[in-house]
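Both complexes below contain chain A, partnered by chain B and then by chain C.
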Partner chain A sequence: MVAQARAPSAAPGAPAGTAIDRRRQYYRFIYPALAIILAVIVFPWLFTLYMSVHEWKVGSAREFVGFDNYLKLAADQRFRESVGHTLYFTFLAVLLPLGFGTLAALVFHRDFPLRGLLRTIFILPMMATPVAVALVWTMMFHPQLGVLNYLLGLAGIPPHTWVYSPGTVISSLVLVEIWHWTPLVMLIVLGGLAAAPTEPYESAVIDGASRFQMFRYITLPLIMPFIVVAAVIRTIDALKTFDTIYVITQGGPGTSSETINIFLYLQAFAFYNIGYASAVVVVFFVLVVMLSLLLLYLRQRAKWT
Partner chain B sequence: MTRNVVRSRPVGRRIMLKGSAAALAGLSAPYLNTVTAYSQTGAFNWKRFQGQKIEVAMAKSPRGDLLQKHEKEFVELTGIQVGSEQIPEQQHRQKLVIEFNSGNPSFDVQMLAWHVQKRMVGKSKWMEDIRPLLKDAQITAPDLDFADFGEAGLRWATQADGRMDTFPFNIDYWMIYWNKELFAAKGMKYPQSFEEMVDTARKMTDASAGIYGWTSRGLKNANVPVWTSFMLGNDMDPVHPKTLQLQTTTPEAVAAAALYQKMNKEYAAPGTVGYNWYECQASFMQGRAGMWLDGIGFAPPLEDPTKSKIVGKVGYGVMPKGPKARHSATFGDGLGVSSFSKKKEAAYLYCQWATNKAMQARLLQSGGGSPCRKSAYVDKETVASIKLPREWLDCMTESLNIGRPGLPEIVPVTEFRDVFGIGLTNTIGGADPAAELKKATEQFQPVLDKSEKA
Partner chain C sequence: MDLTAKLKRLLDRGLFALSVLVVVSPAALVILWMLSLSMKTELENMEYPPVFLPGEFTLRNYVTVFENSPFGRYLWNSIVVSGLSTLVALLVGVPAGYGIAKAQAWRLAVLTLIARMTPGLSFLIPLYILFQFVGLVGTLWPMVIIHLVITVPIVVYVMISFFETLPPDLEEAALIDGCTAWQAFRHVALPLARPGIVVGAILSFIFSWNNFIFGAVLAGRETRTLPVAVYNVLTFEQVAWGPLAAAALIVTLPVLVLTVVIQKEIVSGLTAGSVKGG
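Let's turn to the complex of A and B:
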């Protein structure tokens, strides 16, 4: 009886044993996927954990060191700074595209001539390859020859050092992210605006609400779930940003734009400290999980009720 | 009768198997050779290993382009097929380490950056010692003329224990590109000493006009050869070549770092702290910098009218004399045979062809590198066909006589460049050179110690 109740696909009145047999047969279909998951996700993770408790440099023997790599990481000022750079970069590279993207979505939601064409032009940066984008921006940032300083000069503003100064490098890199990824946020929020019901606006007009009040109390709550989705996507993207930073600054000047990804790359593929790099991966994973949980919590709160 | 019996005897399964095995062995003999397979009688023959296929791994560079361009010549000469690939420098170096470490690399021949990976490869014996092969007349071309290789290349190609695991291929000499027009405008001559170099850069710098007397690498890691170039002028290597002791806090090292700081902080464009060779080259090509210290291999774009605003106005200056010595920092590449290769002889033939006199002459003609063979520089036909100015060649031949390794021959070269590069970058920001070197030395010493114990 119990087996029948838990197996809705079983024919009514069929013997209990048949349903259990069928369920066993269904499990077989899971095995290929399970094998792949074990091979490409679970095993690499276990192996990473294993390596993280070893001192292992490519070309040398492996030596078990327990949690030494983690303790070394905690004391490594360069790593701590890279965590700070990652969080700072992520904060700006999520918040600013969200703001500009939402603003752009509100503009493109309105009806005006050539809207379709302008919207298409607006989303073009998103289609470009990050490495190509980074190379173009590297030329634009050049303090002596770059077009950005040329434009500042036309406006009578003195030249800027952009990514060539420790103080402005991260904000300049965020500029690239804003240009590249604001269109994505715009598209997601635009979807939210298109799906929003019109009745609340009609009621608000009858009640004499101002345009700002309508935005604040109707539009924003309605599109908030979409903004949160965009925030989740952007956060994951910003956290894993490597190509843009590596191509433009390689983590420099000095280590002023060295994020966890760059630090990890150097340890693993430039210095060949595989054990230490594995410990970085584990710590980075914990950080990503914590941020993801926070965003999921926010997503739950932003759901329409 | 007996004959008939034998003739009429049916062919059994065992005989068939034996015969097939013998035929297969005979057919596949050229494909199964190991390092001992060439020990046959007979004179040297380029075609001895025809039918084999070798893989060549190279870093993306004009040298790689040259080898690929003329690859067909080797195929026709030997009958050996070549599969070659060029991948970006950083990735190529990683590929070598990871694949060598796996014990089953995908390549038979590899281009090796001596200044980064020489000791690592030598210590692990990942590449074949070519000395025994050079003595073998059956596998070494009679016209190889090993004595033609110059001292600088042989020094780089030889490991500390005497093993020679690469053929000398290319040496990059560091020198100073200078803008003749800017020099003439200020009535100045090319500096002959570090002191004059500082003075010239100071007089030439005019920030309001966007003109700076100096440009060189400020980006960490990339900037270390600039500092070591100044160190060599103080007759000091960053690491003692024999004892492998760090010499990075010596007065000479500090003086070199102070000079690095002065040139890049006071006479170079704002933002130099993030400059790699690309940014330096761009500034220099647009006529915004008076002098640029870097490798001689960057010359071709400077004389290309589609890229450069200073065509015909570039001077090629030998490194000025330092307080104690005059040296040009050298870096370079060798070509060698993988110890794990199953086709070592074919790979060895490729190395001989790639570094022969004709190929080395072509390297010089293309301007994409500096050959390691002396003959390339004296061959009239080669010299006459060089498109770059004669001054460039003169600078190269003079640098050849004062060349000295620009980076230490240690395993953790990349970490050395990273740690000291950060310190040097900080000096451009105003940090004290002595303090930065002390900090970097304390940080790097354990890494070096560990690498030598491993």
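Let's turn to the complex of A and C:
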């Protein structure tokens, strides 16, 4: 604690100093945390930029290559496919939890017996350890012994290949993602519902509006800002999804569920192409920021019109 | 007329109860299924159609997990890594949250937000090289240090939002009485902040505990944390579902219990910002 060393400095009766001085006092509280943030967060960012313009394999000499890594990346078929997988996965893993989460929030907004307990059970998935979640789903996806195919069978639907065929692997992984992250969307939207005023509903009831009309024309506009926040958070998280995909499929079968993050992991820690992987990090980061900004922009535009 | 109104209300209630059931059951069923798998014999786990309620409840799988691998050691590693990194995060993060809220240093707040947007791997590659260079690989220290990437932003963020809502009157009175800023923080704001500190500590511990990727790369055989150990059970050993489910439950049970403890705080909006790390 840096600040602790300061003896009581302001003698009684001394001028308290300007507002700026007072604010400056508080900077000292921040320095230790700032030092750590600089070391483990900012330094890695800068070092990544530096590495990304070098040809760098672990164990061999590095060589400055300018933008070669980026150019190579643009031409890399496997990387391009991983971008496609990521966008497809993200689109579904944002949209579906948003829909289900909003519906669940409408349910939990009403008062009913055991609501607290049931809501706690409902949010358990989002806190559960992703690796543990992935293991259980791996067992549930099992083509012969898995409980999912058994349940499908009960409903008279033929067994599904889930994560074991290239055509269905991503949508099956989205299913895990929905299970895992719908609670987060629910909580954010629930906060929006709690903050919504009640007057519009009262007058709507007097005007004889139907329940759907009330949802469409009163509730939805009121909670829209919260849905957008949830969408931004969900987009960032979905793009970054690693644990569940890596544990369940490792990007397979073949490379059919290889997202940017998995591609990045393999480049860095299976092939040890440090420079190349760093270029992927930079591109990936730009993609995350761009998509988040796009969503925020859409929200602003929705406000203006 | 009265009767149809009553019927309609009854139907309405029935439909609502059904929707509650539909909403809650996926979460409940998957967790119960994990529990069921972990308490059945291997014979029952391999049966088709699946057995839902074990014929006889057995804890054999849990014993197997600890017998077959040094799971106790991995449990300890997880406690040390998440505990220490949370402790350091509290030591620096609580004053920082206070300082940022007081000095209104929002640029720093934004920095931690950007940290949240960045994929965990982008911290991992440079720090991995650094740790190799310094020669720390093989000890628990690299794990503790890299977990600060998760814990520090969470604590800072939770504390900023907590100190912002704290009325400033008391500290101002202390300052007028001749306290230094540090004394006002230490003796006035800090005791009031205990609930916020508890929430920040639990959230940072949970997200550090859950992290897989840092350990997957940095940890050696001796320094694995639980999620990494469980993943290795899946890949390297004869895949037996019972022990696997038992191992998964051992990893995630502490987290589920902590979640129940602070569910009120989680619900009351701490989620809206940035709690998830890595």
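One rule holds for everything that comes next: the second predicted complex is superposed on the first by the 252 of 305 C-alpha atoms of A that agree within 3 Å, B and C clash if a C-alpha of one lies under 4 Å from a C-alpha of the other, contacts with A are read in each partner's own complex, and residues count from 1 in each chain.
FYI, a residue touches a chain if its C-beta (ideal position, glycine included) is under 8 Å from a C-beta of that chain, and two chains touch if they have at least 3 such contacts.
Keep in mind that this is a model prediction, so the values were computed, not measured.
Touch criterion met: A:F269 reaches chain B and chain C at once.
Look at A:V83: by the touch rule set out above, it reaches neither chain B nor chain C.
When the two structures are aligned on the shared chain, A:I30 is found in touch with chain C, with no touch to chain B. Look at A:M214: by the touch rule set out above, it reaches neither chain B nor chain C.
Once the two complexes are laid over each other on the shared chain, residue contacts for A:L187 go to chain C alone; chain B is not touched.
Touched residues of chain A, counted separately for chain B and chain C, are more numerous for C.
Applying the stated contact rule after C-alpha superposition, one finds that A:V169 touches chain B and leaves chain C untouched. Residue contacts after overlaying the shared chain place A:V136 against chain C, while chain B stays out of touching range.
By the touch criterion defined above, A:Q144 lies against chain B and chain C together after alignment on the C-alpha atoms of chain A. When both complexes are aligned on chain A by C-alpha atoms, chain A residues 58, 138, 144-145, 269 touch chain B in the first and chain C in the second.
Listed in rising order, the residues of chain C touching chain A in the complex are 16-17, 19-20, 23-24, 26-28, 30-31, 33-34, 37, 45-46, 48-50, 88, 91-93, 95-96, 98-100, 102-105, 108, 111-112, 115-127, 129-130, 145-146, 148-149, 152-153, 156, 175, 178-183, 185, 206, 209-210, 212-213, 217, 226-227, 230-231, 234, 241, 244-245, 247-249, 251-252, 255-256, 258-260, 263, 266-267, 269, 271-272, 276.
Only residues 57-61, 138, 142-145, 159, 161-166, 169, 249-255, 266, 269-272 of chain A touch chain B when the two sit together in their complex.
Those residues of chain A that touch chain C in the complex are listed here as 1, 3-4, 6, 8-10, 12, 16, 22-30, 32-37, 40-45, 47-48, 51, 58, 103-104, 107-108, 110, 112, 116, 118-125, 127-133, 135-140, 144-145, 147, 150, 179, 183-184, 187-188, 190-191, 226, 229, 233, 236-237, 239-240, 242-243, 246-247, 261, 264-265, 268-269, 274, 277-278, 281, 284-285, 288-289, 292. Residue ranges on chain B touching chain A, taken from their complex, read 90, 94, 97-98, 101, 120, 123-124, 210, 218-221, 269-276, 278-279, 282-283, 286, 288, 412, 414-415, 418, 422, 425-426, 429, 451, 454.
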